[in-house]
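Some structures to go through are shown next.
In the two complexes that follow, subunit A is the common piece, with subunit B as its partner first and subunit C second.
The block that comes next holds the complex of A and B.
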């Protein structure tokens, strides 16, 4: 298994660096970071030229990539075009995204599995129709619409009813709050709406995967055999059926989770959370964009998450199904 | 100075001011608020303390508004109350001396033009270092872009503008650094723009150590040094920036104990935040009908829509063989129904804006004169007549066919370009397309991202007609680089290949005139020539939407580049 893991990690690293080269070149060629300066009267041409030189825009692209790569191997993500170090910037954004994504994924997994299993067990019963309808509703509702509905019809009304603000619609926290407990409560109050939004759109998809996987398993011969052997329905369901039905869902969850680490862009924007998605968006559309160093830094982190979670998914397969062996 | 900007989502728009007494601000309320929805004009008493949260639609790139890359409107707004300025443009768009920083600033000699500033003896940075001539000297050197002056490490300074600063021969201090004498090598009429508006004084003793180009890029001690009523207490990237009273401020203390700038990048998300009580003030980058509808229904919330110092316009690239003919440009102008554009696009927001007939002064400025001399009229018959005179014949398909040039014998076709995804501009293009079809000109729409439009298409002249907005300031001198002859190296923003030696001469005269009335007259003569040459076609001023909770008073919108926080030291809770 260790040899398998090592091969996967090495392959992942190679993919990341090939990808980083392609992205670095394409992003660098896709726009002009000096556009805003060129459109601002009063800035001398000498200043624009000097700004370009400070951003190394006058150097060959491959040299710039090599310089970035050498810095990366020495532990530095370099500096963004606005002069800030990329590494600490990404670390801060990653923390924000994790605070949003982890609770949402945990809730989504719980909801998705429970709803999917119930739907499968009660196939074509009213509870199945209701859960299917809700899943399609949340799946097809754009995040920004869902967010606005929650803001307008939940947060504002709840706050009005209780007489003070307990649900916040923007930001991760209230500035100036002191005391660990107060800070914790404040952050939870800010996280409720974005986490609920992300959970609703995420669980909807996963519950459908879980339902389909569960139906497949429930109709399998070995389940029929288990029932024929007289095993209790609970044991058949949870030990024999659910365990196997989780395997395809694990893949979906792992891939989706890795993608969410790269940023839940729309959720972050509508709730003003400055996470990974927002960071990438700003790097591609901000004043001095496209910021090739910021984008490349983001890519390494988001790409690493994809590689790591795919490997983790492979490992979880083995735990769920002992027949799977790594060679 | 960031006097003008090609407006796009990520750029800065206006600038800001600085601390004036509460009494002055309160008195300005009545004068400053012209509105479609009418803010209260009666001054209210305010109590000391409280927090106001202002939603900004962009985070800052850094904290040095004098630096080319940081020169964003939001940063100017944030620094309104923390860095000192000599003059502050008031809501009536006239500069007024900020006597808390300098007790006097006067022209003591005209040849060579010499200005003497007397710094307020009490003026001191929040770290205890007096505000002195060395701050003026540093700011001049950094913004002059003179290669003999270097930033730390021997690097060149990268200032957002050199206008005016590059005409200064010397800045010297006397009287223990409290008297500053500025001598110009060439007269500069807009001298009141120096060390003012979006170009406040940086603390020289800090900048000298940390560096102009990179020392203020990250939040830290250098950024927290204040010379105004408030100082920056904290900054959370992408979240908020908090200002509290500067305990070392020598003038009247700010009324609010805290001002929070909350970064809400999507304008759509600001109304729910207002409704939920998380935000007390908004000023979206684009005033839209949905936004207006969302906020005007919120109880206890004042909304004011005012004409901005920003206007939409169309430029004609005279490198095109057809647009090189003034008769064709005039024909397009006569065929463009500007009143209809205003009715459809702007009137739902405010009726205070009409078709714009001046590029250098807005109707909200005292220097404004209708200089169009009839060239801005909507007259499709005259447009067709001019196209015929230019050597075109009407085809059976309703389009003119040129008898010369690359489109000889074909439908006369031009393209218009703007930034993609901006509803206002899209509407302008569609109305323009229909107007041109009516006079026999086929229009293709070819839009680009803001980055491509302003980084490549515009500067390289790869367009035929281009539409965007200029953001202007009451100091007119920076317009020179747009309208002076493109052959000059100083005219980097003339993307249109426009050239008129008479305009160049008049600009030279206006820029060196220290007589305001004379300069205004010269600028209006220039605009008259721009109309007769039909260099560009101004369309209309953009509307600027301000909204704030009625739980706060002494709030006075300012459409200049100081923004609404220009008098934030006077804001208070009622």
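The block that comes next holds the complex of A and C.
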């Protein structure tokens, strides 16, 4: 198993380097970060040249990539075009994204598993039809539609009904609040809507996976045997069936979670959360875009998350299902 | 995870199919299509989805011909709610929203359909060649597919959409980018199907009578893998609608003077609280369109690919 793990990690590192090179070149070639500067009236050639030199724009592309890579191996993500170090910037953004994504994923897993299991056990009964309908509705609804619905309509109504603002729709916290408890309450009030948005679009897919996995298991011979032995339905369902039906879902959850670390772009934008998605978006479309160093830094963090969680998913898979051998 | 197929009762006409098959190929293929149509018709939501989608298609193509306002006409009434004159109301500068929604629906759907055509063609060809020839072709094409899959879709989309959406005829560019990125899943599926079809007797028989590779692939193997291909094409339409809407919502997709449902929601969102119709009509059309296509896809899966029944 250790040899397997080592091989997977090495393969992951190679993929990351190939990707970083490709993305670096693609982003660097995709636009001119000096465009705004050059369009400034009355600007001198020397100023433009100096700005270009500062951003290493006059060096060959491969040299620039090499410079970035050497910096990375020395533990530095380099400086973004706005002059700030990328590493600390990303660390800050990652924290914001984690505050949004982790609660949403935990809620989605709970909701997805519960709804999926109930749907499977009551297959083709009203409760199954309702949950199937809702799941279809949620994965047919673009995230921004759901987010705007909650932000512009639900939140406004709720706040009006209560008489003061209990659901905040902009940002991740109110500045200037003191006291640990007050800060916590404030952050929760800010997090409710984006977390609910993300949960609804995420659980819908997972509940379908859980339902399908559960149906598969419920019709297996060993479940029939467990029932024939006279075990209680509860024991058959939770100990014998659910345990095995969770295996395929683990993979889906791990991979989706990893992708969300790269940022819930749309949710972050609608609710003005300064997370990873927003960071990438600004780096690619903001004033000094395309910001190669910011994008490459983002890619390293988001890509590492994908690689690590894929490996974790496979390991957990083996843990839950002893039949799987790592070769 | 395919559901157990034990609860699928074979339609009564399965028996007639067997006897038809004995009489000749044309009969059999007609029987297959009729069977598929019957299975599709059994899926009530899929039928509803198909009807709704056709109505939307009709409205967005024929509607503008009869409607009194063009989507780009600026009327004297601005920011008015739904009325007899403007059934969906008007926006902040006086566009008739009904005309705009019809135009946007047409743009969104034609973009998504083009994406599905491009993605399905590439996916089928890549998967077919990799699965049929195997060996080096398979290794090269599948590694290439893995590479496309590994590339962070978000980065490529933002980079390319930001650059290309500024061009004239932006819907074509958006369709092209999405089409070139969304074929990987289908390629893997087709490859898988071809790997097993390759070993079947009818393919061996074709080889024996000296049929060309081209003929075997296109006349015999692709028709046998048509189920997953059609289902995937349908679901790609839904996916493309979602992605195009997000891009347009971010201002990176369809650009003015063209309008899509996503860009309409984007331009209406600032006034959404005071002029809610600017949000609800385009958002409603968007969700209903995607929902109906997802239902059609589900019905097609039941109809064409019975082993995958219930997976979604």
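Simple rule for what comes next: the second predicted complex is superposed on the first by the 326 of 327 C-alpha atoms of A that agree within 3 Å, B and C clash if a C-alpha of one lies under 4 Å from a C-alpha of the other, contacts with A are read in each partner's own complex, and residues count from 1 in each chain.
Here is the rule we use: a contact is a pair of C-beta atoms (placed from the backbone, for glycine too) under 8 Å apart; a residue touches a chain by one contact, two chains touch by 3 or more.
Predicted model only: the values in this text are computed from it and were never measured.
Trainee: Applying the document's definition of touch, where does A:182 land relative to subunit B and subunit C: first, second, both, or neither?
Mentor: After superposition on chain A, A:182 lies in contact with neither partner.
Trainee: Just subunit B (first), just subunit C (second), both, or neither: which does A:248 touch?
Mentor: A:248: touches subunit C, not subunit B.
Trainee: More residues of subunit A in touch with subunit C or with subunit B?
Mentor: Counting contacted residues of subunit A, the larger count belongs to B.
Trainee: Would you check which partner chain A:156 touches, where first means subunit B only, second means subunit C only, and both and neither mean what they say?
Mentor: After superposition on chain A, A:156 lies in contact with both partners, subunit B and subunit C.
Trainee: So, does A:50 touch the first partner subunit B, the second partner subunit C, both, or neither?
Mentor: In the superposition, A:50 touches subunit B alone.
Trainee: Contacts for A:285 in the overlay, against subunit B (first) and subunit C (second): which applies, first, second, both or neither?
Mentor: Touch status of A:285: both partners.
Trainee: Quick one: classify A:31 as touching subunit B (first), subunit C (second), both or neither.
Mentor: So A:31 meets both subunit B and subunit C here.
Trainee: After lining up the shared chain so the two structures overlap, which partner does A:58 touch, if you call subunit B first and subunit C second: first, second, both or neither?
Mentor: A:58: touches no partner chain.
Trainee: Looking at the overlay, does A:272 come into contact with subunit B only (first), subunit C only (second), both, or neither?
Mentor: Only subunit B is touched by A:272; subunit C is not.
Trainee: Should A:173 be classified as contacting the first partner (subunit B), the second (subunit C), both, or neither?
Mentor: In the superposition, A:173 contacts subunit B only.
Trainee: So which bits of subunit A does subunit B touch that subunit C touches too?
Mentor: Of subunit A, residues 31, 144, 148, 152, 156, 269, 285, 289-290 contact subunit B in one complex and subunit C in the other.
Trainee: Enumerate the contact residues on subunit B facing subunit A in the complex.
Mentor: Touching subunit A from subunit B are residues 1-6, 8-11, 51, 59, 61-62, 68-72, 145, 147, 155-163, 166, 213-214, 217-218, 234, 236-240, 242, 258, 260, 262-266, 268-269, 272-273, 275-279, 449-456, 458-459, 478-482, 489, 492-493.
Trainee: For a test of understanding, state which residues of subunit A touch subunit B in their complex under the given definition.
Mentor: Against subunit B, subunit A makes touches at 31-32, 34-48, 50-51, 54, 81-84, 89, 92-93, 96, 144, 148, 151-152, 155-156, 159, 165, 167-173, 175-176, 269-274, 278, 282, 285-290.
Trainee: Could you list, by residue number, the parts of subunit A that touch subunit C in their complex?
Mentor: 15, 18-19, 22-23, 26-27, 30-31, 136-137, 139-145, 148-149, 152-153, 156, 208-209, 212-213, 215-216, 219, 248, 262-263, 265-266, 269, 277, 280-281, 284-285, 289-290, 295, 299, 302-303
Trainee: Of all residues in subunit C, which touch subunit A in the complex?
Mentor: Those residues of subunit C that touch subunit A are 1-4, 6, 147, 150-152, 154-156, 158-160, 162-163, 238, 242, 245-246, 249-250, 252, 262, 265, 269, 272-273, 276, 279, 283, 286-287, 290-291, 294-295, 310-312.
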